[in-house]
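Some structures are shown below for you to check.
Heads up, the next two complexes both have chain A, just with different partners, chain B and then chain C.
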Partner chain A sequence: MSDRQYRHVGQSPKRIEAQEKVTGRATYTFDMELPGMLHAKCLHSPYAHAEIVAIDTSAAKALPGVKAVLTGEDIPYLLGLYMIDKRVLARGKVRYQGEAVVAVAAVDEETAEKALSLIKVEYKELPAVLTIDEALEGKILVHEDINELEYIKGVFFPQPDSNIASWNKTIKGDIKQGFAEADLIVENELSLPPVGHAPMETHVAIAQADPYSKQIKIWSSTQSPFGVRQLLAKALGVSKGDIQVIAPYVGGGFGGKAGIHLEPLATVLSRVCKGRPVKVTATREEEFNQLPSRAAMRGRVKTGVKKDGTITAVEIYYDWDSGAYADYGVNVGRAATYSGAGPYEIPNIELHSRTLYTNKVFSTAYRGFGHLETHWIIERQMDMVARALGMDPYEFRMKNILRDGSVTISGEHINAYSGRPDKCLEAVAKEIGWTGYRSPEERQAAFKTGKVRGKGLASLQKAPAMPTNTSTAAIMQMDEDGNVRLMVGGVDMGQGSNTVMAQIAAEVLDMPLEKIKVVWENDTDRHPYDWSTVASKYTFMGGNAVKRCAQNLLKQMKELAAQILRCPVEELAYGEESIYHVQHSKKKRIAYKDLAMGYSYENGNSIGGPLVAHGVYIAEGLTYLNPDTGQGLPALDWTFGAHGVELEVDIETGEVEIIKIASAFDVGQAINRKLVEGQIIGGVLQGIGSALIEGFKFSPDGRLLNPSFTDNKIPTAKDIPAKIVPIIVEYPQLDGPFGARGIGEHPMISVPSVIANALYDALGIDFYELPMSPEKIALAIKKNGIQ
Partner chain B sequence: MPFVYHAPRTLENLFATLDSLEQYSLLAGGTDLIVKWKEKLIDPKAVVDINGIAAMKGIEECPHCFSIGALVTHYEITASARLRAAATALYEAAGEVGSPQIRHIATIGGNIVNASPAADTAPALLALNAEAEIQSRTGISAILVADLFTGTGRTCLKPGQIISRIKVPASGQNQGSAFVKFGKRKALAIAVVNGAAWITIDGDKIKDVRLAMGAVAPTPIRLLAIEDWLRGQTLAASTFKTAGTMAEKLVRPISDIRSSAEYRGDLARQVVIRALETAARRAKGGCACG
Partner chain C sequence: MDKIKIQFVLNGETRQVEVEPDLLLIDLLRERLGLTGTKVGCGEGDCGACTVLLNGKNVNSCLLLAARVNGCEVVTVEGLGSYDKLHPLQEAFIAEGAVQCGFCTPGMLLSAKSLLDVNARPTREEIARHIAGNLCRCTGYTKIINAIEKVACADRHCACSREAEEGR
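Up next is the complex of A and B:
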């Protein structure tokens, strides 16, 4: 572990914007009002799949206060991240219940809503694709034009005349031979439903499209201002230079605000309204029912093992019920191919990941990007295989876990600096006092008390899923008084990245943290570029850019100071916000602030000029994956982790009480310890939501039945386990800033698996579907005759 | 749609206002009304804000009972040490309604007349044998809260009638009550099943008992047959278990998005067992709130 002492790195300063947020002064897009602003509302499809026969908007248009009514026919643009498959408003047909069909802009929301009630849409209902099997059968196509859709070739693989938006695979070794070598083969099928992101601030966008030029200005609750700029420019066929995207404070993203969502609609409405700003605010119901969710998934896994526990072969089919449009869904499916078998060495593997179009609300990135889903399958399977072997699941994992010298399923060589999944597993097992599964007799004895306890373990891994050329940048300017204004491309949506960046800058410059002023309200016209704030990559990438930026600032200051002190740069040192000669009297030190705008001698002569520094980082060493085998180097950095849990089940009601959950992650080096712990606690709780509470329910005809907080619950403060023990493991990554790796998404991965594994320990019952609601648990207990 | 807003400050003015209106909605805490309104489930032509009426406020103690104004908030109930001691089930139920924000504004009267089968205070009031004072321009009468509900979202209140106060008998020596709720999560959840028990003990026997349950029928219900059986039974775990089994057989819950009927039946059993156990413990312990 790292034994280096830092002034700021590894400390726990509070978030730099905390006061502004808790006092309610922070302004979010949701709060914004502009002069002359109009409000937009959408009419949604009541059907999962239907032809739009006719739309009558005449009465709505005639309503006083209505400024624009648009249908899909009015908007020719096609949108998409990887598959260009989505319209701003449905055109010709609707592909999910909740899809926006007509949009109205009016002087206020009430008028817009009234206008919606005056619109008549005639539909002809079509048979819908509502299950994974129906999607695979392909008798009905969600996109009958799938063969013509534009997509990123070589990365995604839509299948002709099918509902398969992309079929990605990993093929390594020879599974036939691997299974032949196995002493035991275990097969299982598990699944999980879609869930909503439920950010505190729903999606909201304001657009102002200048009627006299091509210029478009957007304020959005987005995680990806540069992504919005890029995708909007492409869809509208305008230059990126004409588009300005501003992200004020963002009230949570969780992946749901990556990509592009309400911005194009706000833009086209503003254009029609002669440049008046138009605000589109998703209601909570639209957040669940119109905007994308996390996909449902079914995983079928077959594992071959030797008697000593060595894995010889794995075959996996992940089928993603990804809804009506591809959005991020196809890339979630792709990430599963190189990360979806867990942190284990597997010599022979075939992993198929099929992202399927269905007539349901579409899916997108969600904290962990497919990993909670794949690890739900894999980490349950690891326990079930261990049991079939009669082996302790801890030993079984340790036997196969990635170590220095292991090769991942995409062919990447793990080394001593790649992180230590074994140390994470070891730490959580120790923390919960893991001694193996209880015996059936012990279980039987516990049933008599009405409350039974169980323990479980699960491992996890994740690397950022991103293009090989993903990049980011930072800019610093020094004020006259020596404050440093730092501009970064990443969006701080509550994860605390700006605080982390300030710590890194202050560390390099050896300055007080308060003197690093991070400029909020990311603005694509002013802030330096960042691809998108997603994938748990920003501490790593942004951190490296900021570190280099600060080093660049320091270099400029030293070069100037070398002239003033009349010595070579190499003989200069820095500290206490000043530059000085290593040997000479420190009285001659030059304060940073005296260099900020250029240095002035006593006689008035001046040299230098305002200090402006920059730093960049581009993902290094990544390669495209082989389209046939998925082999290549997709991972900038792996963050490994593990959970251990002890829980108690009320056998009468099925209620689960988590006594203690210990969660360990090898973050390389914590930059802000408190923020790392915050990510762990928040992620674990969000994982508990997926495990026990959350999940979309659909009617037989494909209507979402719980599109509100009335019946789509997420955990509250009262659902926080009695004890969450964050364990920070630190084996530094050589190319991470101060050794750091990402941690934003990881804590929720494998939480459902670890809870299910502990439920098995408690009850001797295996659960294969999420959520494991009290009802499901109670009925399973009854079915198994436990009393 | 446009509506007319009235805010009478006295009961007299209130009744005059109500009599002048063809159709109206009463606004107390608004936590149900505004939601229904936003979801376009209602379209009131007139809204009568009753929050200014002092006669409908405050918790008063009368001999062997409490008089709780219909405008008393759930928070006020949870803040009352006397209700906690002598109407424990109601105290507990009020603390389970919504979130702290909702409990600070939502009223007990509103929770009752909203007539949700899953309302948390309803089973507690039924088990405690609470009465509602129904008032109109022509006078005042009292009926058991149990008799108020005529269906989901429906009460027997006629136009011009309001509930002004609720009378809750105070539990005394050898008496205790308890409320139990099962929801989808630990806070801010609509009950999958809820229920309450009130018990009077005589040594190791059950002298008198009332049981009520929510979310298992179109209205909150009393479990009279089980009460009859329980009277005179010995205080014992087996008695409570039998009562629980009877409840499971007695109730006819539905399957909906929140739960299957089967699981509701299982929970009904647990509600009865746990509410009786806790109520009996409180009756025995002397302190009603233990």
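Up next is the complex of A and C:
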């Protein structure tokens, strides 16, 4: 572990904006009210797939207080991140139940809602694509124009005349030979439903489109203001300079607020309303049913192993039931190709990942970016293969786990500084006292007590999924009193990135943390660029940019001080917010604040000028993946981890109580220990939600049946494990800031798998579908004749 | 619709307002009186983001008619601490790392207060049960419970405060 001593890094200062949040002073987009502001509401499709025959908006338009009524026919723009496939409002046909069809802007929400009730839409229902098999069959097409859609070539691979938005693959070695060498082949199929992000603040956007120019000003609950600017500029055909996007406090993101969502609708409405600001606030139902979710997925996996536990070959088909539009879904599918076989060395692999269009609410990035899903398949499979071999699943994982010298499935060479999945697994196994599966006899004896306990293990890995040229920047300015104002491109949506950036700045400058003021409310007109706050990449990338920025500020101060102290820069040191000569009297030290606006000599002569520094970071060394084989370097940094769990099942009710869950992650170097723990504890509970509680349910005709917290429960305080043990493993990454790696998404990955593995230990029953609800568990117990 | 004249005590100050019979308390607070510290997460009473205290009891202000608070005392997050001194719960939420995105925080604080005002020494299970109507998607609740427990145990050196320190 790290034995370096830092003043700020690795400590746990309180988050810098906490006071604003506990006093209610923090203003979210949801709280904003602008002069003359209008409110917009949407009418949604009641059908999963239907032709829009006619829309009559005349009565709505005539209602006093209504300022605009728009349909898809009024808005020519096409939007999309990777596949340009989505309209602001449905045009010609609707592709999922819940899709926005008509939008109304009115003086208040009530009037807008009343107007919606006056709109008549005539639909002609079409047969819908509602399952993975129907999508693959391709008899009905969700996008009949798939062959004409614009997309990023060479990265995504839509298949002609099909529902396959992208077919990405990894092909390494020779699986035929690998399976021929195997002593045992194990095949399984597992699946999981869509899950909603459920941020406490729903999506909100306010737009003000200047009627006299092309200028558009947007306030949004976004985690990617520069992404909104980029995508909106492209769709509208205007310059990026015409668009200003501001991100006030964001009430949770989890990936769902990346990309572009309600901003274009607010913009076109404001345009029609002659520049009055228009606010679109998603209701909780819209958050579930109009805005995107995490995709459903089916994984089919075949693993070949030798008797000693060495994996010889793996074949995987991941089929993503990704809904009506591609959004981030195709990139989730792509990430699965290089990361979807777990943190193991696999010499021969064929991994196919197909992102499918279906007539359901579309999918996007969700904390883990496909990794909770792929690890649900892989980490269950690892246990089932170990069992088939008669081997302890801990030993089986350790036998194949990535180590210094291993090669990943995309051909990346792992070295001593890539992180240690083995140490994470070792730590959690020790914490829960793993001694192997219990025997059938032990299990039988436990059944008699009515409550049975089980333990399980699971590993995980994730690297950021992002373009090879992803970049970020930071700017610092020093005030007259020596305080530093830091502006970064990343959005702090609750993960605490601004606190982490302040700590890094304070560490490099050797200053008190309170003297670093991070400028809140990211504004694309003022803040430096950042691609998007996603992928658990901000501590790494933003941290490096801030570190370089602070080093640049220090360099400027030293260069100025060298003139004043009449010595070479190399002979200067810094500390206690001042610059001094390493040998000379410390009385001659020059305070940072005396350099801040330029230095003035006794006679009034002045040199230097206001201190302004910048630092940038661009992902280093990433390559495109070979389109046929998926080989290349997609990963900036891998964060490896593992969970160990002990749980108790009530035989009668099927209820699961988690006695203890230990979760270890090799974060390289924790910058803020308390924030890392916060990510682990919060992520683990979100993972428990996916494992035991959450999941969309659809009617046979494709209607979402549970778009509310009443029917789509998320974990409450009563659902927390009796004990969560966050374990911070620190084997530094050489190019991470102070050795740090990302942690935001990882804690929820593999939580469903570890729980299912422990359920097997407890019950001797394998679960293949999520969520593992009490009724599902109780029914399985009954079916297996356990009493 | 005829408006109803109501009088109530809001954060210690007597207020007189005229409200429509169907106006919700949350809309009175946020839209008419400008107190946006109280949030809305669902508008259906499922998430607790709109929690305020009504005569000391935690209620969902999104389900309550404003007219109903006539003659009552209402406390929102803006009335929890004072400018020179935060409420101990606010201090504890900061110190324990119980805040992430912050959107559930105002409601969570008021639910916590309503518990501690009637039960100065709740168990962790009692705290969990009491705040179960306040959803939080970020924190996993553990540090929130630690913070509430810390305030409950502030004057004592009991076992649970030590456990909270250890990050249970």
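The rule is short, and it goes like this: the second predicted complex is superposed on the first by the 787 of 787 C-alpha atoms of A that agree within 3 Å, B and C clash if a C-alpha of one lies under 4 Å from a C-alpha of the other, contacts with A are read in each partner's own complex, and residues count from 1 in each chain.
To be clear about the criterion, a contact is a pair of C-beta atoms (placed from the backbone, for glycine too) under 8 Å apart; a residue touches a chain by one contact, two chains touch by 3 or more.
The model shown is predicted, which means the values in this text are computed figures rather than measured ones.
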Chain B versus chain C as contact partner of A:T716, first or second or both or neither: both
Chain B versus chain C as contact partner of A:I724, first or second or both or neither: second
Chain B versus chain C as contact partner of A:E652, first or second or both or neither: first
Contacts of A:I681 with chain B and chain C, given as first, second, both or neither: second
Contact breadth on chain A, by residue count: chain C or chain B: C
First (chain B), second (chain C), both or neither touched by A:A18: second
Contacts of A:C567 with chain B and chain C, given as first, second, both or neither: neither
First, second, both or neither for A:M37, with chain B first and chain C second: neither
Which superposed partner A:T27 touches (first chain B, second chain C, both, neither): second
Where chain A meets both chain C and chain B, residue numbers: 710, 715-718
Chain B to chain A touching residues, read off their complex: 99, 182, 184-190, 192, 257-260, 262-263, 266-267, 269-270
Chain C partner contacts - residues on chain A that touch it in the complex: 12, 14-15, 17-28, 30-31, 33, 197-202, 249-254, 283-284, 493-496, 674-675, 677-678, 681-686, 708-710, 714-718, 720, 723-724, 726
Of chain C, residues touching chain A in the complex: 30-31, 35-44, 46-47, 49, 76-78, 80-81, 86, 90, 93-95, 97, 99-106, 109, 127-129, 131-145, 167-168
Chain A to chain B touching residues, read off their complex: 652-655, 693, 697, 705-706, 710-711, 713, 715-719, 773-775, 778-779, 782
